[in-house]
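Chain naming follows the written order as A, B and C, and within any one chain the residues start at number 1.
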Amino acid sequence: MNRLRHDPTAIFLLPALLMLAVAFLIPLAGFFVQVLLVEQAPGTLLPAIHQVVASKATLTAVVTTNWIATLVTLFVLLAGYPIAYYLTQANSISASLVIFSIVVPYFTSIIVRTYSWMVLLGRTGIINTVLQALGLTDAPLPLLYNKTAVVIGMAYVLLPYMILTLYAAMKAIDMTYVRAARGLGAGGFYTFRRVYFPMSLPGVLSGSLIVFILATGFFITPALMGGPSDVLIAMLIERAVEINVDWSGAAILSLLLLCVTLLLYALYFRVIDVRRLVGAGR
Amino acid sequence: MTDPTTSSTDTAPPTRKGSAITLTGVTKAYGEDRVVDGVHLDIRPGEFCSLLGPSGSGKTTTLMMIAGFAQIDAGRIELDGKDIAGTPPNKRGFGLVFQNYAIFPHLNVFENVAFPLRARGWPKTDIADRVARALRLVRLERFATSFSRQLSGGQQQRVAIARAIVFEPSVVLMDEPLGALDKNLRYEMQTEIKEIQKQLGMTVVYVTHDQEEAMNLSDRIAIMNAGRIVQAGSPRDVYEKPADRFIGRFLGEANLIPGTVAMASDPHQGVLKLADGQMLHAASLEPLRAGVAATLFIRPERIELAAAESAADPDVNQLSGRVETLSFLGNTLRYMVRSAGGLPVMIECPNNGRDPIFAAGTAVTMRWRVAQSLLLMR
Amino acid sequence: MRPGPPRLLTAYVGTMSVLLLLPIVIVVILAFSGQSYLKFPPDSLSLRWFIAFFRDEQWRQSLYLSIAIATIASALSTLFGFLAAYAFVRSTFRGKAVLLSLLLMPMIVPTVITSIALYFFSTRFDLIGNIVWIGCCHAVIALPVVVLILLSTLQGIDHSFERAALSLGASRLRVFTHVVVPLAAPGLVSATLFAFLVSFDELLIAMFLTNVRDQTLAVRIWNSLHLEVEPTIAAVSAFLIAVTGLFLLADWLIRRRLRAAPWR
């Protein structure tokens, strides 16, 4: 009580924590407990889990999700690394323009962003129209509703995350090391390979992790831009609920996805430091 | 431990406007580390009391405990006899001035100074009146509509002071308020602060690490070291009669000559034998015993330099030596003299243009009255 | 004068910047197309699809619903998030890192899982279609963003302002309303705007928690995309892009104005 009298501000956490509990923690925990423990006949849980996890649909979805997430991460890393580097070197006007081109898509609704790529890639879409007009092809190319389209769409959404993470890490790199290496006679590429890139590695790691984690949970973009065989885990979960009304299956798949996500985040938090956010050095 | 409460040259007349603050055994610990360790202090109404000490001595923490921003782990703090440990900081009614001014950037000068009055729900006309008076006191009447960004450091500090006194508190606490200002501005502000305190008569507790500032402003100085008050008294008392070597060195330049007590004619008068056999007479505040180690304390400005020795005098100590360096410090001349026994002694003489100046290498005699020096046991 | 980045790099970045904005620009241009089928570049320009959007009863209802939910979400998350961020920055209690991770959970857990769990929960308690409840769920999703923004804002405010105010006799409430809130204003504006955007654009939770009659804008677009890719969607998308752009502009302008105030 003495503590509260002199430091009542700790109580300010309560509204947020309460809302979090009521509209998130309790529903989430309650869902898993209810579906997997209460409504499950005793002894049927483990076989049910095995059935879901080992099913062809699940295994395919896991493979597809990992494959696409990996592709997206690599693509976004290769595309974004030079851009982030550019931001550390450019003058403020150029940098502002580039940041503008990153921030506007970043804050635009994911649906709108996905829709825009559907417009670009569709049979009557812009790219096909241009290609046919230029005479490069006779019939419209099936650019949409396949894995490539999904990768492009997801990369478009996730590129800003990678660039901003890399930029933050690169800003902290002291260029005197690079200059020292050059002064010692090292060529441009050699300096990059042996000096700059290793120093940017923490940023590369944290950026890649965050993009990969987000990619594994994606639903909207693959659902809209993928083909019938391109099913990611999030889509599988949604189908289990909307189409099959298979709550038990949905819960098991969700648990699977959640565990993987949390594991990856644990890894991510080792790479960055959450404590810095709180200023918990007091 | 020296008795911190009484001193022989008090200069603060008690007034009705200020309050008395009493600290008894106040302690603050972070785990095993005692930042403030059993502090006892009796601050009288209307007194200007400084907490002086090096960084880490616990003076700011002590002030924060008086203000109510740090919890007391042991001991009592009383305001006019009432324990205030349970009173939150916004109910204690103390004026508080910080080193970084903390002038609210989103309010202009008038609103800043009016803030405590609005918080107390005063009527508008009274507020306008009182704020105008406070601004007049700090000579900032023309800046009532300015914002902190438009003010200099000195002006911002004056706003902070006006804000702290506008509600006529009985106690004002100041935490190194002049630390961020340059030297000349600091002297100016010190005079202003002293004037305001004399006019309004409130008690002031002032934290500083600058001994000149403390001596200039205070009726009483409490010197803190490692969480404890090592001596408290009027500026003159602590300067001329330090309780130990640390205090002697902290409050200005000091000569500390080590030796052994050869003889004690009475508990407070004795003879110190130096390493080279020289004998010096001195008085002591603590009882003397023959054979113990002691240090002779004498301020550089109390030593006279002469070309030759004069007749022996029981009231005067003499030491011969050779001038090593002479520094010109503007209004004083500082000599470093190496005594015949190899001890370094610092002497300061006023640069009055009349007294003879001794060049480096000259043989000299250093002379001082026995009563000007002190034997320190710690 | 530091030598700028190599020209090849600048060319690449320039191209990428154009590519990043291209899809959005194309959607906006398409929205002004005069035809009833998708063709780029459009043969004629007209406002017909915007008019169709705003005249259509169903699209309008979706718009109002999205605004209502987003307003509730923004208000709740900003208020609660502000208080929580303040507690983190000013209080001393152990387990701050753990509690912060807890507050960031909605950002970490994949939204599809959150939405089906909420759906399951909401059907049991008859909360499907309840606007306040959906606003609440959206507020939870927006909470991490709000808390992160405001943590940064509050950490930038010197503690001595609040101490000064307390020492001057202000009650804790007064310190909060007269000192902390004015000084935190830029961060509060950003948090409110971005929380609104998060809710306005959100699809999955809205999809599961609304009933067939009442769909938010995002849900209606989603459903339309599955049926046919009609130009009205382009107009609605352009509208959403405009809203995003407007909010970003408002955020930038208000922050600039607050920063340029004579007292900053």
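One rule holds in what follows: contacts are C-beta pairs under 8 Å (C-beta built on N, C-alpha and C of every residue); 3 or more make two chains touch, one makes a residue touch a chain.
As the structure is a prediction and not an experimental result, all values here were calculated from the model.
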Pair of chains with maximal C-beta contact number: A-C
Identifier of the chain whose CA centre is least distant from the whole-structure CA centre: C
Farthest chain (mean CA position) relative to subunit B: A
Inter-chain centre distance, subunit A versus subunit C - centres from mean C-alpha coordinates, in Å: 18
Centre-of-Cα separation between subunit B and subunit A, whole angstrom: 62
Centre-of-Cα separation between subunit C and subunit B, whole angstrom: 57
Numbers and ranges of subunit B residues touching at least 2 other chains: 88
Residues of subunit C whose C-beta touches two or more other chains: 172
Complex interface listing, subunit B residues touching subunit C: 67, 69, 88-96, 98, 100, 102, 104-108, 115-116, 119-120, 147-150, 160, 163-164, 167, 173
In the complex with subunit A, residue positions of subunit C that touch it: 4-5, 9-10, 12-13, 16-18, 20-24, 26-27, 30, 37-40, 76, 79-81, 83-84, 86-93, 96-97, 99-103, 105-106, 108-114, 116-122, 133, 136-137, 139-140, 143, 147-148, 151, 155, 172, 194, 197, 200-201, 203-204, 208, 218, 221-222, 225, 229, 233-234, 237, 240-241, 244-245, 247-248
Residues of subunit C that touch subunit B when the two form their complex: 158, 160-161, 163-172, 174-175, 178-179, 182-183, 261-264
Touching residues on subunit A, where the partner in the complex is subunit C: 7-13, 15-17, 19-20, 22-28, 30-32, 34-35, 79, 82-83, 85-86, 89-91, 94, 97-98, 101-105, 107-113, 115-120, 122, 124-126, 129, 156, 159, 216-217, 219-220, 224, 234, 237-238, 241, 247, 250, 254, 257-258, 261-262, 265, 269, 274-275, 277-280, 282
